[in-house]
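Two complexes, one shared chain (chain A), two partners (chain B, chain C).
So, the complex of A and B:
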């Protein structure tokens, strides 16, 4: 390619243009790495924290009319560290020994809960169509051009300045004070740190306050770059930060800094040059429009998949881990016979009752809601398969469901295919995509799998959706994707009740399928894999095959559910149903209730669709009290996110799910009585107490003693 | 005189597993007690209770007469208990110097830090040669030296050492014991868990023999040799 004259200037301009956002990315990445380094928490709630500070700043400046300095102090210097302190004190301090994946789930729960909690507490409403306030007046309209190449806006200069000061401050703190060393020590072994007389709890509180301060600062700085002030934008920000942090393998602060700056500059260069290349090469054009916004996700995905070293995190094991008692055996894999039977009987009766009530008494709204709940249960069964059975956290289930829904739309729209057939095709396509995705991603495992699937979800959201053969082009994205209701033989399923029957039948079939998988060989293999990969491999089980199967099945179920949801709503409604943020909430719901059982998915589906109207709006209470609602109803629908998000914190302690845990405890007594009765019937059959035999003395030691005169 | 370290009727365990059943051990100020016993007898568990790493489920732990039962580990350290844990207990991602710095900073302040480092390197010249090396890549013996250096440089009021000669060359072990003698002379009380019974008996005047989580015998060091031999041989014979 012949370089046009002035290319050098363009490069310089792009670098200058990319530096201010790059500096803010670097700031977020630093904070993110700080948390990861000092607590082992992959803090996906970082974006939520940034949002809370940005929203607080906005609220104080605009709603309450405060001037900049007090608003900044409140939002960044008080609220942000306080949030971090509370998160550490109340939650993560108690999870020090929990697995990285459990901590990740907790962070996901928090990232769902925090923005809604803030919004309900302060009455803040997401601001759309209005550029949030910056730190300086006229930040976006006054420009300075020191080099005569690129005019910096005031906001950009402020962001750059603050970011540089922040980085220098952090560097100095680590260089000249002992706290930096202590923070690193606490990650490696809080116990050894305490043996040196250092209060490990205080050190990690300080680390959380500091990194949260960075989150808050970055939130306020980045806000003017958006034209809205809503939580999802900030979640986006944290994914960018993860990409930058991944370049430093999540532990190196200087490299995270370079990663952030580099990402900002890289994106600016891309923006400058891609349009020119695509002028010469027309095939580049679709990428030009689509790839730029998703650069961070592509980078993140690429780094994760192509750079195996990142997975071997250099973190060392705690030399004093011998003080911990052995982990409890995998209780989550088994369920007692009593509970299984009771749950089945109760579940069937309950469903019959609800079904009959809805069928004969329910009005249009109720039939609609129950249909929605059933379809959501179906979609959430896909989480049961991947998370409950395979033990992996996938954050792109929304994308699989979207693939199913969009397939239905495309096939029906273009070729007039029956929507039910199209839903099946959608499931197959989702399965294929899932299987393909699983090839690079499943090797990752643990938190990396979660992050890679998240990157994929964002990539689909930012890039694939824009292709007309996926998202239906601009008109469809604007006007919605109309999907007709099917006719099945003599039944016109435009009738809501008939459609409900169809949906229930599909859900029942898929449930039976999932149960058979769980109890069958594949389930057995997957259960073994949850215990130990090496052990499973050594008995000849191929972890890759079983996991790939789980991934594909899970994707297919999500795709089928997504298709049905589109048929039900007679529209795809991508933005409401399938965004990456929505999918986060699905995972939170399922792990909160019960990750391994079909009933857990059903409860989660019901909670997703009905919690709002039955509990929060007060319909449930109103029905019981015959219309006398206490004054505090209706509650904000946001409580749904707050409650379930916070409840998922329990995941680390009860990986079988909170509700499941409660149920097991409730039936534990009955189990014990049953076991006792059985033992009376056939004495000696049950195993004896847990008393261990004392180990016999080590011969080598005896020899050493014997050598003494 | 109040004992430097006292364990009174301590019971302790790991989750559902019970490891100690009513152990009472007292280390007088300036005294040295050797803790002997077969593998799995509970010696390491006693050491962990003594330094606050493990909270006893019953009984109490007193340091210089002060009841520290249930306190956090760093309070034990600040009360003067230094613990050299069993095995390779170093910060693996830190350099040798950073490992030492972390331990000395609180004790010596930033002014005394360099002096402390020098003393550590003079006790263990090998560490001085490798001060910039990442501790995780040190040999096993060097890692033991490092964790010993952390507790030997500034004499604590109580030293709890768990199998400190394990994996060290005899010469180095002799050196460490020479240093321990010197520290003892400066008034440090000691609870020593040791495989090399000879070294332990030479250093300590009192011996506690642990068996299946209880104190099976205790008495002065000069009587201990026979008891230890007979007891352990009896066991392996029967």
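So, the complex of A and C:
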């Protein structure tokens, strides 16, 4: 084993090298803690805000040929605070009383929506090969070496300078201005501040503008590191910020600052002194090469899991959570039997109609899309299990699905295993990974669990995937036909229609399983845990075991779906299907529509796969108007992200999901109408039904009343 | 009677503050025991040490002579320690009966994922019958299908008792059942609890603030103050004890010096 030579000079060099990125991390962490403490929002859209400013700067500087100063003013001093202000005024101000998890979901939705919204509005597109401009010319190529130990690039010096100025400015603002004093008070205790008669709304607006300004600044500073301006790269910034802020336990600004600087220096030291295992063990090379860039994820995961104080921090146990109203029970459990039957008949008819239309009239594209939608629905059922049933937000469902898909690829490509068997193996492997992952993250609740799973997803994406025995090298990540379609007895499923039938059958089976789990022991225990963990423990429920089971089931479903997706597309297409960002969008879709029902997952799957072609490309309107499309079609496919991302705002108001909410309203209306009609037909009988309807009535009783002539 | 539960020499300190210094306590089978003490006496800390929420720094927790000190909370529950909560802890989004069904199902340990997948995870007739028995016993029969959000605090406490009963506890730890209830409600709860206890024969360790309730409900009482047991014995004796009266009504500083001497 060859160890890197460790001398004093190396340490100093590493510290110097780590300081400029550390300063930027500190800037981001400051902004992050600022919004978290003043408005209780765990702002995962921070990276999106940084991206928007960086892209605006690039657009003005390069596309429009502005000089640096006006471009900087537009991107960082105007657009960034404006974005922050709008986010606070239009969205988060109205969610102040929403639970921490619903705010998190809204922030995730925004992190999906903002970049797409910006790109559609300005026509911005990250072009490969056009490196983003820094603030100074030749930033990456001119070096200064004041101490004779480490040459700083111009960009690094600028980043360091700006970050220091930013921090000093914030410090001065806090020390000498009245709004700064108020903000400091709000950070310490929002409620005490309100009692002292300070307008928390104003403070919160200013805090959002400031933090958004910091995000924009950091975005512009960090942009020259990337080859192309892409939103996902900036999402890393959030992870870094959360890691730095978590080191400071999210409580204080100075600690976040130290956390950011420390993280930068730690990564540099790590890079310098990491033993060169790969010299002796070549198979470790991908690990060696990718561990350093993914350090923030590792640090974040480590901090969350190993630092017990985090678990006890306010977010983990929100003192007001007991005040939150409980989620209302499902409509299907409370509506009258007549409506249940009607809904079932209608549902079956609708599905039959769709099925027959696709089977007989659908062309290749349509069959493909519907297959895709069904598989996506299957994958999204995994969100139904972990979020809808167990009440945990997991942001690594894409990783579980990818594990299923990659298993199919590896087994089929290397050993010629039947792809269907391989898909089952993939589900099992995903379940094992899910169960193992659940062990360290179990004690974390709510937000922290979501963040830990996000860190895991990024870690898998950045490190594990690079191993050829996991990611299969480039071939699995790129296009091409490497996964064959299966032959099942007499049927060759290379035929798209037959494959669709298989997929529908699998989806139906898994749906039945999910419903049975919900109604069986497992569902009962998970509901109990969600209601009150301590109470469930007090009757002998092991939370660790129950959550592990939920994670395993959810991961297995995602893995199976991922495997089917790989078979359908005849390859893994990791970049298109399973990146952490894509998986974020899945969660947003499902919880926005309805996380607790199978229909919710089906509708989310359909929306994910069909929205683009049916609505945005105009096929749906075109079909109705027989080809006469209004001029503004086709719309950009990015609207899908914008619309569903923004729709997640609704989640905070209707945590049961839009579909479930709509269903409840429609059902209540229908029940009232039915009751009124019965009242007219036979007074007395109907009124008893109406009284029994709203809570959860005994269905048999209602049915008996309904049957009276 | 045999000793059912015994805690010996329990010590617990929180970063320098000694919450419990050498607390020992015994409960015999079927006995009603009180644990009282002013605020900050260490009642809750002791309670959490017994339940496994906290690990004591020293001392043993024995159930039926067996050391359960190393077991996690849910395992202690399965060994026969039931509890109710000071701040009521019910499962939101569940009916009253479902609370009991969950406890019953966990006690039986028969449910499994496989049974769920074959559609056999629902409650069976026997489970329902047992739940309904307990609900009748507690006078909650009419509320069985109500969501728990519709209940009053007193009814909620009874649901907690019912849920704990389904685990067939040998020792029920009741954590300040009177908190949030008025005199009448407290008395009603005490009456029901005593009736149920007489019928089922489990032991109760009542951790209380309300001296009146302890006086009327328990046979023996321990008094905790500043992490020490300052008095123990039959409830009537303890209530007339000079030291106890001081701890509750008198000069705290005085008591402190007395108890240390």
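Points worth noting:
In this section, the second predicted complex is superposed on the first by the 596 of 709 C-alpha atoms of A that agree within 3 Å, B and C clash if a C-alpha of one lies under 4 Å from a C-alpha of the other, contacts with A are read in each partner's own complex, and residues count from 1 in each chain.
Everything below uses one rule, namely that a contact is a pair of C-beta atoms (placed from the backbone, for glycine too) under 8 Å apart; a residue touches a chain by one contact, two chains touch by 3 or more.
Predicted model only: the values in this text are computed from it and were never measured.
In the superposition on chain A, contact of A:196 is made with chain B only, not with chain C. Contacts of A:178 after superposition on the shared chain: chain B is touched, whereas chain C is not.
When the two structures are aligned on the shared chain, A:520 is found in touch with chain C, with no touch to chain B.
Contacts of A:65 after superposition: neither chain B nor chain C is touched.
The contact surfaces that chain B and chain C form on chain A in the two complexes overlap at residues 322, 325-326, 328, 695-696, 698.
Interface of chain A with chain C (complex): residues 322, 325-329, 513, 516-517, 519-525, 527-528, 530-532, 534-543, 549, 553, 695-696, 698.
For chain C in complex with chain A, the touching residues are 51, 53, 72-75, 77-78, 82-83, 85, 87, 89-95, 98, 101-103, 105-107, 111-113, 115-122, 145-147, 149-150, 160, 163-164, 166-167.
Those residues of chain A that touch chain B in the complex are listed here as 178, 181-182, 184-185, 188-189, 191-201, 314-317, 319-320, 322-326, 328, 690, 692, 694-699, 701-702, 704-706, 708-709.
Chain contact summary for the complex, chain B toward chain A: residues 13-17, 38-40, 44, 48, 51-54, 72-74, 77-78, 82-83, 85-94, 98, 101-103, 105-107, 110, 136, 150, 195-198, 201, 212, 225, 228-229, 232-233, 235-236.
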